[in-house]
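By letter and in written order, the chains are A, B, C and D; residue numbering begins at 1 in each of them.
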Amino acid sequence: MQSFIQKCRVSCSTKGLCSGLIASTLLLSLLSSCSWTQQTNLGIDTDRSVQEKTLSLVFESFEPKGQAELDRLKQDRTQQFCSTQRGLKDQSQLTQSTTQDQLAEQIRLENQALITPPKDGNYFGDFKRGELIAQDGRGKTWSDPSESPSGGNCYNCHRISKNELSYGTLGPSLYQFAKLRGINSAKDFAQASQNSSTDPLIQYTWGVLMNSKAYNVCTVMPRFGVTLNHKTQGHGGPILNEQQIKDLMSLLLDPRSPVNE
Amino acid sequence: MFSFNTPFKFVLKHLGAALLYAYAWSAFAQAQQLGVSTDAALAQYRSMLQDANPADLYVAKGQALWTKARGPKAQSLESCDLGLGPGVVKGAWVQMPRYFNDTRRVQDLESRLVTCMEAIQGFNTQEIIAQDFSKGERANIALLAAYVSSESQGMTFKVPQEHALEREMYASGQELFYMRGGTHDFSCASCHTQDGRRIRLQDLPNLSTSAGAGFAFGTWPAYRVSMGSIWTMQQRLADCFRQQRFPKPKYVSPATVALSVFMGVNASGQVADAPGLKR
Amino acid sequence: MRTDRREVLKKGALVAGLLMQSLGYLRSANAYQQNAFDAKSVLDLYKSLGLSVPVESKQITLTTPEIAENGAVVQVAANTTYNNIKRWIFMVEKNPVPLVAIFNLTEDVTPAVTLRCKFAQTSDFLAVAQLNDGKVFFARKEVKVTLGGCGG
Amino acid sequence: MSDPMRIRLQSAGGLTTVKVLMSHEMESGQRKDEDGKIVPIWNIQDVFATLNGRVVMSSEWGGGVSKNPFLQFVLKGTKPGDKLSITWRDNKGDTRTDEAVVS
C-alpha cells in the first residue's frame, strides 16, 4: 500500500491528480478488504440477490492452487463494473448521458492515470524478443511457477507476424501495424522515436500495452503493465515488465520487425 | 456513433481516444479475410478425423464399466437414477443438469455419477473429489460420461427450469459467466460472447447464443486429440478457469454446475452430438 | 531381466504362432523390418529396404490436410492409378523416424489406404508405391503443423 | 487385456470400405515423461486383414502411427456374409483379433 502511493507520487505530474489517485487507491484497498457481498456496492442497477448468491457460491466452489490464490476472485473497481457491462463492446458506444457511462468514464480515467512512461525515457527494445513474448502464452496460471516471467499471449487474439498462421481473431490484426500508420522506413521510425514522449502513435501503443482499459474501459485485453490489487502479483508485479513491453513496442513499430514486412 | 444529446465537450475529449481505437480496428476486415483459407484448411483437418472418432473406443469401455459390479459394495451402476428413473440412460443426458429430490441439489452428469457411485457402489465422494482428472475413479467417470452422453446422441436438449433451484442456478451461472477477475481481467464472456472468433486456431463458441451453447455443451465429453484421452465438461471448465488465471474450481462444485445449467438451458432445442472430437 | 525378455519373446512367438496357424498366414515371409524403422532419414530408409530411389509420379494422389492443429493426429491417405502396386511405404520426412508404415497389398484390395500418423513438426508426407515389376514411384505433400491452443 | 477394436464396413457395388479404430497407446519411443526420461517404445508392429480366412492386406507399423490408430482400406469383390478379420500384434507380444461381417 505505502509503496504503491510512493510510486504514484513519483509519476504524478500535478498535485490534484495525485491526491485523486491516492483517494481512489484508498477506496480500492477498502473495497478489497470488504466482505464478499459488499463488493457489488457500486450503485450499479442489477439484481443484488443474484449477485450475492453467486458470490457465496463462487466462494465455496473455488480453492487456491499454485500461485492462483482466492484473492484473484476479489474484483477491483474495473472488474466489478465490467462484469455488469454485458454486450458493451466498444468505447465509442459510450455517451456519458447515463450514470453508467459516467462511471465508465471515471474508471477509464483511473486506469489512464496508472500508465507510466519508461523510467529511462526509451520506449523500445528488441523486436526478436518481442516476437517470443507475443508467442508465449504462459504465466500467472495455477500451473505456472510464480517466479518465471509471463508471456504476452498476444497471438491468442491478434494476427501479428505474417508467417505465424496460428493466431486468434478476438482482437484486431496487428500485421503491418506501423506501416499502416505511417511508419514506412527507418527514417520515419527514427524521427518518431526521437519524439517518443509526444508522438501520438508511440504514446498510444505504449499506453494500450501498459493499460488497455485506459482506451476502452471494458476491453477483453488484459492490463499488461500495471499492478492490480492481487497479493499473488507481488511475486512478479504486473503481467509484463517494462523491458518486455519495450520489446513488444519494437515488434509492433520497428520497420525491421516481421510485423512490418 | 454518438447520440444527439451527447455533450459536445465529452465528444471532443474522447474523439482522440475513439479515433485511435477505430484506427486500431481498421485492419480488422483484412485479418478476417486472410483467416478464411486457414479456417477452411482447419475444417478439412477436423472433418477427416470426425468420421472415425476415437471417442467411440471409450464409449465401449464406459458401457462395460456401467454394467460391471465394482466398488466396496460390488454393485453395478445399472440402478443409478440419472433423472429419468433408475437405470434409464437413454435421453438422460440432454435433460441434465437437473434438480434431484434425494440429494436436494441441482446436479450435472458427473456430480450425479459421483452420487450413484457412493450410494450404490460404496465409493467415497470426498476421495473422488480430491483426485486429479484422468486418474483413478475420475478416469472411470470420464468413460462413464462418454457412454451416458452417447446414449443421447441426436436428441434435443431440454434442460429443465421447473424447480426454483434450477432457475436460481441458471441465474448464478449467468452471473459467473460474466464475472471478471484474476490477473488478466478475464471472464468466460471475454472469449465466448462473439460469433466467429478464434483463440489461436480454436473456434470460440458464443455461449450466450443457442447455437453456440448447443455446439459447446453438446459435444463434451470429447476425445482430445492433443491429450489422447476423453475430457469431460468438468475438466473442460477447470482448464478454462486455469487459463482464465482464476483459482481452481473444486470438482462438481456448485459454480461448475451453475455454468453447466447456464450453457445447457441456452442450448435448448439444439441437438446433442457427444462424445465429440476436439483438438 | 534377460530371462524376462526371453519369456516375453517366447510368449509372443507362441501367441503369434497360434494366430498364424489358425489364419493360415505365414508370417515368417514378412518379418518385421526393424532396420527400416531404425532409419533416421528417407535415403537411409530406401537403402535399408533395398529400394532404388523412387521417381516422382502424378499417378499417385495424396489426401492430407493443409494445416494440422495438432501433430499428434494427422490423417493421410494415398491412392494411385497404377494397377500393379504391391506395396505402399508411408513416411513423414522430418520425423526422427521417417518410416510410419508399410502396407503389402493383394488383388483383393484397392490401392486406397488411409492412416493417422504423428508429425513432429511441419513436414512433407511421402508415399512410395512399389509395383509388381519392381519400379518405385512417389508423391509428396506438405502438412503444416501449428500450435492450435492457447499456448498455456 | 487389450480392448476391442471398432470395425465399420460400408459396402457399395462389390466394394467394401473398411474403417478400423484400435485401442492402443502407440508410444513413439521419442517422448519424455515428467522426470525427463524417455518413455520406451510401445507400438503395434503388425496388422493384417483376412477375408474368409485369406490374408488380403498386411502391414508393418512404427511408433509414428497415432495413438488409438485409425486405418481405412477398401476390399474388392465382396458379397454379403463375407467375414473380415483384423489382427494386430504389438512389440510386447500382445495381440488382438476382431471380426466383422459384410452386409
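The rule is simple: a contact is a pair of C-beta atoms (placed from the backbone, for glycine too) under 8 Å apart; a residue touches a chain by one contact, two chains touch by 3 or more.
Predicted model, so just to flag it, every value in this text is computed and none were measured.
> Is the number of contacting C-beta pairs greater for A-C or for B-C?
B-C
> Which chain's centre, taken as the mean of its Cα atoms, is farthest from the centre of chain C?
A
> Suppose each chain is reduced to the average of its Cα coordinates; what separation in Å results between chain A and chain D?
52
> Centre to centre, by mean C-alpha position, how many angstrom separate chain B and chain C?
So the centre of chain B lies 38 Å away from the centre of chain C.
> Return the distance between the CA-based centres of chain B and chain D, expressed in whole Å.
32
> Where in chain C do residues touch two or more of the other chains?
67, 69, 72-75, 116, 146-148, 150-152
> Can you list the residues of chain D that touch 2 or more other chains?
Correct list: 67, 70, 72.
> Listing for chain A: what residues touch at least two other chains?
141, 153, 155-156, 165-166, in rising order.
> Can you give me every chain pair that touches, using the contact definition above?
A-B, A-C, B-C, B-D, C-D
> Name, in rising order, each residue of chain C that touches chain D in their complex.
Where chain C meets chain D, its residues are 8-9, 11-13, 15-16, 19, 23-25, 27, 30, 32-33, 36-37, 72-75, 77, 92, 95-110, 112-118, 120.
> Using the touch definition up top, name the residues of chain C that touch chain B in the complex.
65-70, 72-75, 116, 146-152
> Okay, in this complex, where on chain A does chain B touch?
Those in contact with chain B are residues 47, 50-51, 53-54, 57-58, 60-65, 68-70, 72-75, 78-80, 82-84, 86-87, 90-97, 105, 140-143, 153, 155-157, 159, 165-170, 172-176, 180-181, 200, 204, 208, 213, 215-216, 220, 222-223, 228, 230, 232-233, 239.
> Tell me, which parts of chain B touch chain C in their complex?
Against chain C, chain B makes touches at 38, 41-42, 44-46, 48-49, 199-202, 225-226, 228, 242-243, 279.
> Which positions of chain D touch chain C when the two form their complex?
Touching chain C from chain D are residues 15, 28, 30, 45-46, 48-51, 53-67, 69-77, 85, 87, 89, 92-93, 95, 97.
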